[in-house]
């Protein structure tokens, strides 16, 4: 059987975490190809719907990323992200998806390494955990 | 009083100055001697300390500059005469014939493959590959227009036959253009020092001793080897490289000044080698490690710790060659262990001095400005007016006024644009 | 919205071998051709080169494309170029979609061609899904206030203010101290002209203070900055009172300070262990006692754990000051203990040689075994291992001068928070791009210069100040800026007037007027935080619509979307 | 001269400690205890005593290889010369080779009352004069002949060949019966007192002959006259090395060469090459001989390696190592090595005779080669 290859959705803000992901690339930091980045202007734009939709469609993990608290390009919009994330996390746990499958990380434009490490860690962890209960791999 | 501006030199500094001025709504003439803009930065593979692909970040700027409605880009052209004063300069520009109608040429390159003579050294690729008598200066050239090397052309006419656009005109005449500008910004850049006079390093005698700029083309994906580090003697990848700093710089017999960029340049080149070939051994021979810019020291630390680059504090005495393997052999005083050592490597890269560009004296004479003792443009007030030349209304920026790296050149270019705008505003008031 | 048939063109870039080296580009092109709505797919060695751009334009015409996707590097550097290429071919630039397959794929999966190629296919598929739902947008033009604020009245701030004012713009120069001049006020003589620091600065200060276009606010604190490029609302505190004004652009020139070498080499413990800045002051005041022997130690706190960077200017400061001491007392024995001398460029190298000629001696020490300063009776004793000579040296000395790096100060950190512009790892202000945007912030309309950017000497600070003035002057000269069409819009039919969104907006761009939502578009910066809160789906962000994002999510898991 | 003055005089303070000198030095390469960089640093850091006591300063061949390459233009050769003078005053001296015979000889020659009988080699077929425009300065060749016959070096052949060549082109050179050693070795080992005496004596003697041009076959004599005498005595005659003189004559069409089928290589003497910049004339002359192939060694011209020792001081196993390396390089190029300095010939021939044998290289002097190419060879 083919090794379980998790699918991870990452939401990145235009100013910091997307740039951090760029820097990981520019610095040639290698990480596994399991992550799909969706760019929004600000982490504040990340509707809880997007996260739930990702799990519904079959994501094994979802990463919510943005500028560090205090660095937000939109003053403090990422505070809202943080608040939303907390209730999302509870909800995911309640749903039995496993709260570890949702991760919030603040990544600046200079933290390419942090981005790469986040992906590496998540892939490793999810591989150990196995597919999400909502994953089509499980449904079959 | 006119407020158009002439920018001389189409490297990154000249491009940036032009874009800034044009952004203000001023009309700019950008004159470049080479048939494409882009300058030396276009020849680099990656840039330190971020590892950005040089042409990737420059190409958008080249395009922005060339297609800007306020900028007239004149390539393959030279400034031949300047009269008048700040606010009212009359400038004669010689547009040399490229024997191709720039408007008609689509840059398709059909003529390039039709030319039967393809043994001339390609200037852009540091003569590491040959080009034909009709050629496009380089892959990402702007404008992407062919040019005929009439000195070697035998006028067989193949190119004319194949060109559907009818762009080729082998009898094109030089054209003299006169423009009227209020200020002039000079950004004519630098050249790489020719190290063949430093006999002990064997450049020109040993095939596997090359210069840093040649190395850039060798590791560049769009370079003559497609990015494979094929050393000249046998087209094989060496398993070790030594980079030698201060070749022709910090040397009173050649150029007494520090070229300022080579320590970082070599560090980057070593990192590139390691990235391309993980088993590569890299050595950098230096006198003082000059990692004084933003993020530079950290970059050097990474090179040491993550990329296993060996920094050796020494200026080698001489380089010889192993006759069998053609491996260069470096003889040096390892000043830290105080032992004379011999190091055999697969390739030696000489990080040569960067010197004022050829023709700077003639240009200075045309402009009526002074040069300093190292033949860089002289600065009126080195503290508070670091971009003003010795003549009012003429600003100088980038490497042509002293050693500096790309961000500093870009900074100065923007600064010179602001100074030009300021000079024009003050004259207009 | 009436939309005819969707016709997507996909352009996949090899970027030399940057992408082509680890992604099977031809396979991706083949794949793209079979995605829904894709009518054309091709690959280019460099899509950003002239021939690539021409190919896009030709394809738009030839294949009647109404959506264009480029899969190459990052939109952060190349989106403007491709967008304007689309515009040149008559396609609204918001119908362009960028897929990042280099920074986010080929460069991070260099040894996994199969994985990288599969990922690229999916990324392109996501791009196609999003592109299908893209809508054309019109951008808003915003008028620009014809004035600028310069924060910091040191040499960088003074220069920037003067240049902008001479170009005819009103400038507000804000300085927290009572007098202008900044760090140069505390220095003695300047290299390379040998001028007295303050004397040489006076004409510039006078020019700024007497300039009809410049308002100097000294002893002032910045309290608040609201707004955006072209329209910043500034609030200052002056003697406890608020002062308000409006500016179009802002320049940050807040400077830096000397690192205090507490606990290093007996600093604070022995009287005659001082910093270079303290030495400058002694020299300036003529208070330097006759010193027959002086030892200077470089990189104190720098290039190490406390400060990882090289502070650029300290070697030359030490050399300059050593020469000044030699001028006073030619017989003084001066040793400079260093870890590589940063005498870059032409003039510095010359000065370094001159110092050697004057008999100043240089000893290279290793960071692993740094010098040691102790007291030996009345005299200071410096022990140092001379790395290049291989022996331990003992230097008895009257004075030890520590060369310490420049570091960010608390004021700078606060300004960074206030303006919401980032600091780098070194705590200095972090520019938009290290190589090509050295004096811009990522935030439009805010620029930086001088030692706020990192250690720099006078001429470098002045060049940066001029450069920042160039950047700040461009929108002022044009009189307007165009705002990206990513603002939010409301469907009033669907809006129930709950007002949750109003509280979300960091810019007060939303307001409830008589139970109805009103949007001030010029204030909206397009973060979309309000949209994520809207319970009814009445709010929508242009170009980042819910359906566009959801289509991306879905396409990850569905090989073909209907 | 104090060490501080030496530092100032030679601009040693410009030293960047880059190590290019030591990395270039042929001695440092074989003798790990010797480093020009550390020698200079001793002076810079105030280790005066250690420096003067260091035998290393006597090992330096003063070959100028490091001096020419120094990026800071530190004149190490001069530095060594001054340091030796200072060391001599302090009572240190180098290790005299050949039992000090040669240095005694030189000092003896400083005595104005001395009357030598040194023209025994001038056989009847050689035409010389007592007075005239052109003078041939033979240097120490008669003494070398006596001393080094046992290793098969006939130094006087150089003198004979030179006179023969000059005779053939119609010149009857002045050769002085009481010519003194030029003083080169005294000058370089710090005995300036005797050097001055000798310089004055020699110039006086030459003046007495009315010579307008002095030809040298020995590069050391040539250099000493050209660069070092002027400090002590005025000269009103032209100085020229035999290779330069002959190169000119070839241009004038005054030399007729026969043919010599032979591949040769050429050893640049450090005095002639790096000290005086004379690289091309000897090559021009050699290449003008029909049938001769001049093949360069790996290290030639500016990069040439010295013959291993100088001033008859500190000749040791390291010298021999350098000489053998040099001979190997020569052998790789050709079977015959042409020397243009009598000392190069002696030193390299000596190395050929050493106990650990190496492939035979024929060592031939430049003038001897030219003479035989002109058909003047077999008649001493």
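Which chain is which? They are A, B, C and D, in the order written, and residues in each are numbered from 1.
Methods note: a contact is a pair of C-beta atoms (placed from the backbone, for glycine too) under 8 Å apart; a residue touches a chain by one contact, two chains touch by 3 or more.
None of the values given here were measured: they were computed from a predicted structure.
More inter-chain C-beta contacts link the pair B-D than the other of A-B and B-D. When each chain is reduced to the mean of its CA atoms, the one lying nearest the mean of all protein CA atoms is B. Note on chain placement: the centre of chain A and the centre of chain B lie 42 Å apart, centres being C-alpha means. Distance between chain B and chain D, defined via averaged C-alpha coordinates, is recorded as 46 Å. If each chain is reduced to the centroid of its CA atoms, chain A and chain C end up 27 Å from each other.
With centres defined as mean CA coordinates, chain C is found 25 Å away from chain B.
For chain D, the set of residues touching two or more other chains reads 14, 17, 38, 72. Of all residues in chain A, those touching 2 or more other chains are 23, 26, 28, listed in ascending order. Contacts with at least two other chains are made by residues 50, 52, 250, 288, 313, 335, 338 of chain B. Viewed as a network of touching protein chains, the structure does not reduce to a path, ring, star or complete graph. Listed in rising order, the residues of chain A touching chain B in the complex are 23, 26-28. Listing the residues of chain D that touch chain B in their complex gives 14, 16-25, 28-29, 32, 35, 37-38, 66, 69, 71-73, 298, 301-303. By the touch rule above, chain B contacts chain A in their complex via residues 50-52, 275. Residues 15-18, 20-21, 45-46, 48-51, 53-54, 73, 77-78, 80-81, 84, 155, 159, 163, 166-168, 190, 192-193, 195, 200, 204, 303, 308-310, 312, 340-350, 353, 387-390, 424-426, 428, 433-439, 453-454, 458-460, 462-471, 473-474, 477-478 of chain C touch chain B in their complex.
Those residues of chain B lying in contact with chain D across their complex are 199-200, 246, 250-253, 287-288, 313-318, 320, 331-335, 338-340.
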